[in-house]
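Following this line, the structures themselves.
Look at the two complexes coming up: chain A is in both, with chain B in one and chain C in the other.
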Partner chain A sequence: MTPPSRLTPYLYVLPLVALLAFVFGYPLLRIFEFSFKMVRGIDGPWIGLRNYQLVLGQSLFWESVLHNLQLLLAIPVMVGISLIVSVLLSERVAGWKLYRIIVFVPFVLAIPIVAVVMKRMFQFSGPVNEMLRWMSLDFMALDWIGSSDVALWTVMILIIWRESALGIILFLARLLSLDESVIEAAKIDGANWWHRLWHIILPEMRGVIEFYVVVSVITMLAAVFSYIYIMGGGRGGPGTSTEVVELYIFNALIRSSLPGIASAASVMLFLVTGVLIFLLFRVRRRAEAT
Partner chain B sequence: MRAALQPGNAVKQLVLLLAAVLALVPTIYMVVTALKSDEEYAIDKLGFPHAPVLENFRSVLVDSPFVYWMLNSAILVAGAVLLSTTISVLGAYAIATMPFRGRDTLLTVSTSLMAVPPVVMIVPLFVLYTRLNMVSTYSGAILIYAGLITPFSVYLLVTFFRTVPRELYEAAHIDGAGQFTILMKVVLPLSLPALVTLVVVNSLYVWNDLLIAIIFMQDDAKRTLMAGISVFSGRYNNQVPLTMAGMVIASAPMFILYVLFQKQFIRGLMSGAIK
Partner chain C sequence: MDNSAYPMFTRRSLMLSSAMLAGGAALGGLSKGAAAQVKDMDMWYWGEQELPGLQKYVNDSVAKYKAATVKPMLQDTAVVISQFQTAAAAGNAPDVQYLWNGIYHMESVWLGYLRGLKSLIKPDILAASNPTMLSHFGGDIYRTGWYPLPMFWCYNKTLFEKAGLDPEAPPKTWDELLVACDKLKSSGVEALGGGIQDGYWSEWYITHSLPQQLDSLGEAVELFIGDKDFNDPKYHEHWVKLAELKTKGFLNKDMSSLELYPGIDLVVAGKLGIGQTIGTRLPADSKATGGKIGYMTMPVFGKGKLAATPVVDVQGLGISTNAEDAAAAAAFLEFLQSPEQLKAFWEATNWLPSNTTFDSSVIQDASVRGLWENWGLKSNISNVTNLMPGQFYERAAIPTGQQIVAGSMTGEQAGELAAKTAKEWKDFNPDMVENYRKWVKDLSSPT
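Showing the complex of A and B:
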């Protein structure tokens, strides 16, 4: 038997600390340093706030930020869809297990695959418009992918389609853990469906809804690369109409080889998500307390 | 019985049916279109194929490196999941069962890293990898993926290990077993459901990722399936049925796994939904 040593726990967590330090710690410190330097290759001279001035002075950056903010509009729709579907599933209506398997599918399929498929579906001469024309809704048959006024909204449809599945999964997990006796008691008291939803179920779900909203805000601001990259043809197109901050960073780093610029944008994105993560923790603590 | 008699039942079925149809439409379109010839698709975009063809699948498998892309993705999934699980099991075991200084801080920091978007880490890692010639290497990408999935693994495992009754540890201790033996012989066999969940959720993450793949696996020979798809779909932009055949092949592995292991997937997704 190995004698219990005070060092033992540290040996167990050492690989963990090393891995996290490499993949998270090192880059998160370095983006701050790089953002004040003119990095050519692997390093470069200090140039103060020059990178930030360049980024903030570029209209493309602000356009990207605006697009990320516009994506936030998808969140209320996602919450609504997730709530309706998850509440119905949790009532265990006939066939609910099959429905559950099906509505989780969008979350199992890879984003790039779905994006490729959706892009073909929404082509001007594609099946979506064909269907709309068949239903005599010609005025709705837009150039979903090719028009710079519409393209971002089309991406948003895809995002809603997929991220709602996450909401359903989260909400259903919470709903199935609810104490059923409370709901049964309300039924016996004669409370109707809407009444039970509003006064008993929704208050219980407040925590998980808040959690989902904050996670989704982080997604919309900083984790939509896969959607945009495929739908926008790798360039945030047409034109710059679907450019987002992630793609801006990607372009600065890979296509223009300007790590300093990419770092300055990364720092700003990290600070914004940092605030949200702090919020997430507070929300989660509350969600766990209820 | 009361629930079955409620008037709203038909409406509930209708809403769920609509949701199910919407969830499946892209998959159905993808499969149906893949079975059409270019000519048939040009005339009929909505209907089922009159004379299903398998030519598109043959073309994809023979003329495109799909199989290699899948192999590359599989290597990254296997490497990253294995590495992350090993490291997380050790770390989470210590966090859950041993008192030591900095334990709570470590758990808090690790858990909050779960929400940090990967895009903010790529710049320094790419610069470093360029200098070390680690771009387009399996080990380099595996290391990054393993890191990205580890905070979630630690969170899930710590939560699980804490539910293992203390008496079990103490009984094993009295029998003279060392920490590592207890972990391997007592805790891990009990944790099988949690480990399956982890493998499912993490594999899905690595297999489906595009951002890291596109930046850190740039060589044609090292391309992952998702990065390959973005190239493939650009190249055959006008051949929709061919593109769809590619997407069917690309989604097949995860889809088959999902159908075969619904229970594990659903449990995994519901507990892993934080990701």
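Showing the complex of A and C:
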């Protein structure tokens, strides 16, 4: 019997690799190609870097980038909330398993559903403002989704509320896997709750926190479309106050019939996200090593 | 090797099987050839979303039509244009395609995906369907009208009475409007507005207000592509007027956080005096209020020839260049315009078909009948926002209104943004400029 060639295993996986290359690689190549063309319908003439020049020269694109960067401010809040709630749950207070399910519910619900509900709640005459007025806090009854100055912060509240749920579950899973004897030993040695958190728990959680931060950064830059689309009236409004890069791409492709422009912006977003994913893997590797 | 498990398959039986398969295939081909005498056609359409009952009407119509087998497919809103254009580029477009008005089908004309209908449809039928000026290009017409969408300002007659205003004499001029708003406000109700959060109110406002300073629809196109300047005060006066309504406190306070239809509901519910609406809502709104919803053209402030002209948008149908038998497709479109089909349309949708020969005696509701007689049959213009390039629509038309209503932009600033966006459109679409300029010629002929 002839021993199998070294190539044999590769031949076995070749069909799947070819399928994946076709499903993911081909569209990606086409997007790169389109970004250098003035596409009308399904193709168009080669125009070099013109699409990139137009995108980078448009104030709206930079406004969109700025909004994505503003959303990054949500990440420290999400980490803080996730840490506090997960640590409290890990203390195994009465009913903690039920609380665990409740705090994870936002993440299970589809974004469009929670966004539609939130939008109703934050309307000028909606329940949030009605409650504030009832509490005689009229000065806090803002036009949450109708004011250009406030709308992006309102979206951020929704994102924090939903995305923190993932952080809580990730952090809680890590907390529950900690070696309890170390914590017990610290207790016996007289370490109070704060000391245990600062000197034992947080260092042990460093890897998962870094992971969550990198995932959240990617989310804020490239995965907030659903939130923005619904809360911003489908247009990143009012005006362009909640427009983000994903919506910019969507508008260019679907509403302005500019596939070349959409592709150029997509390529840039892809490259930035690619760098972040690379960082994610490095962080994970380092976390595993420690 | 034990062959007992396998059936005997001799060379003879192989030949026999082959002969039978070949015979079967030939018969299949014959039957297909025979079936080809009754033509197969595809029809992609949209509209059930805005006109419940349309799908039933289409299904009934194709079942009734015997000259061809028409396979209808209801499209999703997001892909009406892209699905057609992609299919057309691949040579697989349907024979008959639903077409929104203006640029929403003109781009397909410029790409060569649609046939001109002048040589295919009888002139009187084509004209009666009111495809509108926005379907004219290069001397040809590219759609038949299917159903009209009259657009108008609505008002609550009960609130008018309560404010001491004559419910049968709505304001005609801008000054009269300001007086009416003041009286409504004094009577304790919010005077004017609706919901602008999703942007459509902003579009409709331009629909009604921009033509007031225009002499032709071609002039609008010249503005949108930057050949005329929005910085010219007369071209952004409509935004200045909107800002005036905001400054005087006549717009409803929750306007920025409400969407279009909940905003119209406020008028129907008696919480808002004046709003903007569309004809397809009128039968239900009129019924809900016991006939207390009035309609009017936008009060006049402008001096253009198009000022105070009722607006009627029309949805339509066209024939793709991929249609193998364009004459057969045209015959089907003519069938849809026959008196029997117009009646069937009304019965299925409780709404008007787009045809000036429609027997309107079937309309029971006085408001709807009045709307048909004054908007549908008299001189009207189409929706000017259907002439906007998508980029202008998204970057200027929608944001300007939203920001003025939110109090974060003046009318002059809106003009600046619109002018800047028009210039930007030219940079992004150098290959489209000439098409638009040719279109201006068709649109500048007398309306």
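In this text, the second predicted complex is superposed on the first by the 270 of 290 C-alpha atoms of A that agree within 3 Å, B and C clash if a C-alpha of one lies under 4 Å from a C-alpha of the other, contacts with A are read in each partner's own complex, and residues count from 1 in each chain.
The definition used in the following text is that contacts are C-beta pairs under 8 Å (C-beta built on N, C-alpha and C of every residue); 3 or more make two chains touch, one makes a residue touch a chain.
All values derive from a computational prediction rather than experimental measurement.
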item: First, second, both or neither for A:A186, with chain B first and chain C second; value: neither
item: Touched partner set for A:P15, first chain B, second chain C, both or neither; value: first
item: Most chain A residues touched (candidates chain B, chain C); value: B
item: Touching partner for A:W161 - first (chain B), second (chain C), both, neither; value: first
item: Chain B versus chain C as contact partner of A:Q58, first or second or both or neither; value: second
item: First, second, both or neither for A:L197, with chain B first and chain C second; value: neither
item: First, second, both or neither for A:V272, with chain B first and chain C second; value: neither
item: Touching partner for A:L89 - first (chain B), second (chain C), both, neither; value: first
item: Contacts of A:A141 with chain B and chain C, given as first, second, both or neither; value: neither
item: Chain B versus chain C as contact partner of A:V77, first or second or both or neither; value: neither
item: Shared chain A contacts, counted only where both chain B and chain C touch the same residue; value: 41-42, 125-126, 233-234, 254
item: Complex interface listing, chain A residues touching chain C; value: 38, 40-43, 54, 58, 60, 122-126, 143-149, 233-235, 237-240, 251, 254-258, 261
item: Residue ranges of chain B in contact with chain A within the complex; value: 2-3, 6, 8-9, 12-13, 15-16, 19-20, 22-24, 26-27, 29-30, 33, 45-46, 84, 86-88, 90-91, 93-95, 98-100, 103, 106, 109-110, 112-113, 115-128, 130-131, 143-144, 146-148, 150-151, 154, 176-180, 204, 207-211, 214-215, 226, 229-230, 233-234, 240, 243-244, 247, 250-251, 254-255, 258, 262, 265-266, 269-271, 273-274
item: Touch list for chain C against partner chain A, complex; value: 78, 82, 85-86, 88-90, 107, 111, 196-199, 253-259, 389-391, 393-395, 398-399, 402-403, 405-406, 408-409, 424, 427-429, 431
item: Footprint of chain B on chain A - complex, ascending; value: 1-2, 4, 6, 8-10, 12-13, 15-17, 19-20, 22-24, 26-28, 30-31, 34, 39, 41-42, 81, 84-85, 88-89, 91, 93-96, 99-114, 116-121, 125-127, 130-131, 134, 161, 165-166, 169-170, 172-173, 187, 193, 215, 218, 221-223, 225-226, 229-230, 233-234, 246, 249-250, 253-254, 259, 262-263, 266-267, 269-270, 273, 276-277, 280-281
